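Read through the structures below before going on.
Next come two complexes, and both contain chain A; in the first it sits with chain B, in the second with chain C.
What follows is the complex of A and B.
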């Protein structure tokens, strides 16, 4: 696409007829094939072209057949100041008159370094380089014309007279800028190195500038060290505080560059971030020492960048905000390095990934790529046991013959027509299934590596893939059952184990999808009752699945006990703890979501929830829209509209309820109230139990802190719901007359992401007086 | 020139490389995609060329002592552009020697 990318494939083409003169040595010397660079003839066709155009009719177009109007809209209009980044006002110059060799004050060096840091972080948050770092005149000088060596990357080009050489401070700034450019190079390489990233998060465009990609890391470290030595040189007359401020910036850049290094070995990762966090404080406290140098950044540089977009203003990110982003980047990346210390268990990985995606504020694209690189690191993915297999084993095959390693040691009979040994057949079936699982499993993890907004959207697609997988699992199950029965170990295996495993994971994803919808305010308050109800339906099914799994575990434990297999039994008992923890959690989720659904349904009857006017849509269409991602699932998970309506509107339409509503509202022990109360109580008990069972049994040990915080948040939500329901009851008790629509209360829904919700996915409105 | 003749003449340049000099002394080199009565020209895969600033040229001449010293023009990729007829100063056709199709000038 770009001229600079044109590669010379000269050596690829060889003329086979050329005698290889050095045949005796065996070197395949070839004569390079050169494209005949013909003389290009230029003809001035202005007059005739003009006359021909003149002869055209109005509206007549002479155009390439494949060229469409749609495409033409994308064309930049030359000489239009809003579109043409090369357009100059009458007395405007292309270049700035800024001289990059003018000596700088130490304050100015600090000012420029900090401003560069701001732009660097603005770039990290998604703005293009052209509006951030590439507006720096210094960086532009370093990178253009494209330097062949680091020595050539200077604030000047060509030969300089002796007296004009840059002074020590400029050299220091140069070292800093070079390292900064290399940091960007590392960041881009890390992000595009992932299989999955989206341009909406991060802009990798370098406008045909090469970010010193070929220069190895140690060159930059040397430059930085030399710069630090220069600063420490006692002959340099400079205020002590300023000297320290500059040195701390250099050492920050050094540590940062090392941490971003692509080749950093796994075992050094965790030690590379803490030193940065230490130097950060000294940068923020000395920021006020810096002095802005106005001419050192300019939008005009955009005119020289290869650019198919109109000119855009420089992105200004305040130092305070940029600094917070930087800190967050370092903390998140450091957190990501903990991934390498996790137990090699896919369920631990899953918990870690989910917790990482839910971090607030959302990790920057770089940190997420950083984690994804670790996740898909060969050392982790090629662990001895297949990760999906371990996952399957944990849920449905407690100490089972099906996954006995011995099965894989059988060799097929010599005669291909002879039946294969049963155990070998088992191994082959499992291998087939695991291979089939590979892609959906990877997709699932890829989704978990995104930010939560995209995670929710991607998850709906992953769910569809798993739905397909479920059908395939069922057919493998059928084969499996035959072999198992033939082997005589039918009682060691639960009913359709593989399908159960897939179905459980699928339901888990649907649940997370809905909860993420609440977390991200996808649903409006008057939809809460419906969506929480749907959530409770889904999780009820997962409970049923888990119930059968748990029953199988206890049966297996008894069988092993009876058979005096004391080596195997403890494994099964431990495994059952995980299932029990899952089960309790599912119970909590079901009870709480059902209680919330009833609570919001009451509020709708009381007209206490904001309901926007919706003149064109109907309730049925909206229902279809919400359920769209799940409509095709098999078995069907989405109830039909009418029965759904009947459940969430137990007393008739919200604006015209039946008479029994009033009676129920006023009666202390009516099911309307007791359902909510007992639901909250049961949810609290269930979550408390999950908490007691601990992070280890929930397979969230790697993120136990975040996990504990989440559980506490959910427990607090239960309490809040109890309080809110009581608030409504008090208001009803005080009510005079029968007008339930004007109780004088309203419900304030806490905002998302402000820390006003106890748990982001569990929205509990606060009841206040109107 | 009648309409048919004009259409045939112009159609030959579709997909051919043109250099369009604009009123602000830039040159746009790219493949012609479309033109109309007002001489608006759409170019694809376009590069923008701009002469270096006057004082740069002065310095180059002073340094070399040669009044016709070659200086490199700044160029950059700009992609798909439309040059409005009002700003077209000169149109040049790049005839490549290796090109097979013949254009009747």
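What follows is the complex of A and C.
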């Protein structure tokens, strides 16, 4: 996480103003100098400064080691109106002349409220307060100078000029603004409570304004209620439609504030969002009643927020877009509350987190923090047995003595030199391992809560951590084997169970990383064949792992049957269904990725994919770059360059293929075609079977709707691939002569995130005439 | 390295020259103007000097017969905490009327050649995901997209990080100081600031 940008501006600036700044040289991050109040001494250094400058050549840069590019970018040039926010053009005034006590028309109050809502949502999407809400003259008046009490937070300060008391509508606007400020306070507190990236996800900077942090929720609710009462007062002469419009805005703000409340108990969460969604419609249909009030928002306020940041434009988000964002925020947050109703199963959690990260449009930072807060809520994390332990049990310890709860009931022998009971040793080994798993496990979940760009990159780091974990698991496995052999239950436990569990999860993450690369358009079309091939290699390994797990499950079931352990047997059979579902899914992924790889390889031979000339790079260097995140993994997952090349170029170089290519292309039943077609067929069958086995067996019950949609998308991708391959075949059949590079076809790659891909990670090009 | 653009070139009338510190007074105002043109917020003079004073020899300019600045590329080259000797293309701009003639490509190639000469392991840069002209330029040369950077620029736009390896073994280098920082942190070494740093937006492929 990196420090706030504006903060850095401050640091640089204070340093450059301080002749004594050399004191801080050498510190990687410099603290802003705070001048001790009351001891300000001013020295005129103009002459010294000019003399020193004269000794320099133009363009010469004097800098210490800690002056980085970052600082140079943060520097400003005084008197340049584009950089110096304090610079006034001729006749320009420093402050606005806007009077916040001027009575407003009801339609103007609506206009201001809705404009505030637009800026609030712009802030939610990642823009700083200085370019959004803090451009409101009303908000500025409320928050500066820092009010000691809510009563002080007025549209005026100190004594009111005679006869200037704010009228009812201004009081209503004030209540709305106060609640809005408190909403921001809650939002910031929620977001900073979890992992996020400042400025990338969200800007928490409040420019020394305190967002009424100490004032409790009920004060704001009372203000809003009082405002609603004022609006309903029959004495108030106002058009009915306008009155209702204002009241619905107040009631939205009330509901929203309550939903954002940090202390909202878990059991009330799910009921806090639906009421907001209900009031939203009435806001959207009355938006046209509002009237813009020129001057009620101003960039001039920025000058007082941060003098060391260049003046920046107000971020204009249209009402309809802001409204969509707001709706999305409420829907996503409501969806997140469903997390509390999930079965306490880490694999259900994992499915939920992944589905949430994959939602489209991608959830706003607030909603992601909201879900992360629930995930890491003590009531959830400590609700059941250790979550990683449950995960381990599900995959590798079906009805096993190793995890028998009795093991934890043994006490160590009184004599510390006496050997510990075997079962106690098992408990200690498992405890040691679960302790070791804790951090990598949380890192994995943390990564799942990031924006998808970060998710992909963070996942590569998490994979590295799990790679190390795998080695540690192997060593615990060795100890475990000794104990269970001594206990005489060796046949109850599969080979290297803990390592198998870690390896399986690690491979799953590698697959997700590759698929996210496709989703995010990281790979260029001529890389598809290689990357889908790599994916098929990884998932093939996972299938092998799952194969041994499944074999173990069926062996355990037989053992239990034979031993007439009828209580235990059903659990193992149920557990095997999950493994079988995983296995089928892995089969589908392998078949589809292999078929896609072959398909794109054929297209490269046919010169039907855009291929950049790349005069200053080599294929081998690009391979190294692509494989970088996975190069260090153990066991090695990245094939050597030459064997990789041979697989993705089965007929020799793409621009100079061997004669075999033509023969295969023209032969209806050649492996070139049958491999793709039978692969597509097997992938379809596998995914269809996963679908039939259902969400419960896939441990995606909590997100069954999204899961079903995903499977349908992948199935549709299979069909699309079949169609595309057939399209190429037709073009080949029509070909006269032998010039396969001029078939008159090209492949259109569907854009990401436009809904033109059946599944974002499964890119199936469309074959069209050139 | 040859000019890879096959379009008929009128670059023969242009002169490609390396920047030098004693050209600051004549060149820097023109460079600033050319680069600021497409930026919503200008860079301070320190940003230019940061690069030009330390890596002026990695800055190349295209000048027409009357010595008017037509295009410029600004770079740096230094050890990166990943352990590589990393070249970074910070700014690239060509006057609008001269785009589509391969001038930017030529400038970038000259800079890369110079960095290669000085034993760079890799070259990196960022560009907006929507800047297809810029993506095309670099991807034609051999750059690959290595990362997608969410809301990388101040205007909220997302970027791709593009990377070109120059030497084998670059991926396996490790930090000399032995302290990997774990998760990357953006912001210190790149110019995550302003929209469209790679400004050759109208460059046709």
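The working rule: the second predicted complex is superposed on the first by the 685 of 770 C-alpha atoms of A that agree within 3 Å, B and C clash if a C-alpha of one lies under 4 Å from a C-alpha of the other, contacts with A are read in each partner's own complex, and residues count from 1 in each chain.
To be clear about the criterion, contacts are C-beta pairs under 8 Å (C-beta built on N, C-alpha and C of every residue); 3 or more make two chains touch, one makes a residue touch a chain.
Not measured: the values here are computed from a predicted model.
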First (chain B), second (chain C), both or neither touched by A:730: neither
Partner chain in contact with A:61 - chain B first, chain C second, else both or neither: both
Touched partner set for A:627, first chain B, second chain C, both or neither: second
Touching partner for A:241 - first (chain B), second (chain C), both, neither: neither
Which of chain B and chain C A:70 touches, first, second, both or neither: second
First (chain B), second (chain C), both or neither touched by A:125: second
Touching partner for A:40 - first (chain B), second (chain C), both, neither: first
Chain B versus chain C as contact partner of A:523, first or second or both or neither: second
Touched partner set for A:79, first chain B, second chain C, both or neither: first
Those residues of chain A which chain B touches in one complex and chain C touches in the other: 1-2, 57-61, 63, 72, 75-77
Partner chain B, residues of chain A touching it in the complex: 1-3, 36, 38-46, 48-64, 67, 71-72, 74-79, 85-88, 93-95, 208, 303-308
Parts of chain B lying in touch with chain A, wherever the complex brings them together: 1-3, 5-7, 9-11, 13-15, 19, 22-24, 26, 28, 33-39, 42, 47-48, 50, 53, 74-85, 87, 89-98, 105
Sites on chain A touched by chain C in the complex: 1-2, 5, 57-61, 63, 68-70, 72-73, 75-77, 80, 82-83, 125-127, 197, 199-201, 310, 312-313, 315, 451-454, 456-458, 461, 520-524, 527, 612-617, 620-622, 624-628, 631-632
Residues of chain C that touch chain A when the two form their complex: 1-2, 4, 21, 24-25, 28, 40-47, 49-50, 52-54, 76, 109, 112, 129, 139-152, 154, 156, 158, 160, 163-172, 182-191, 193
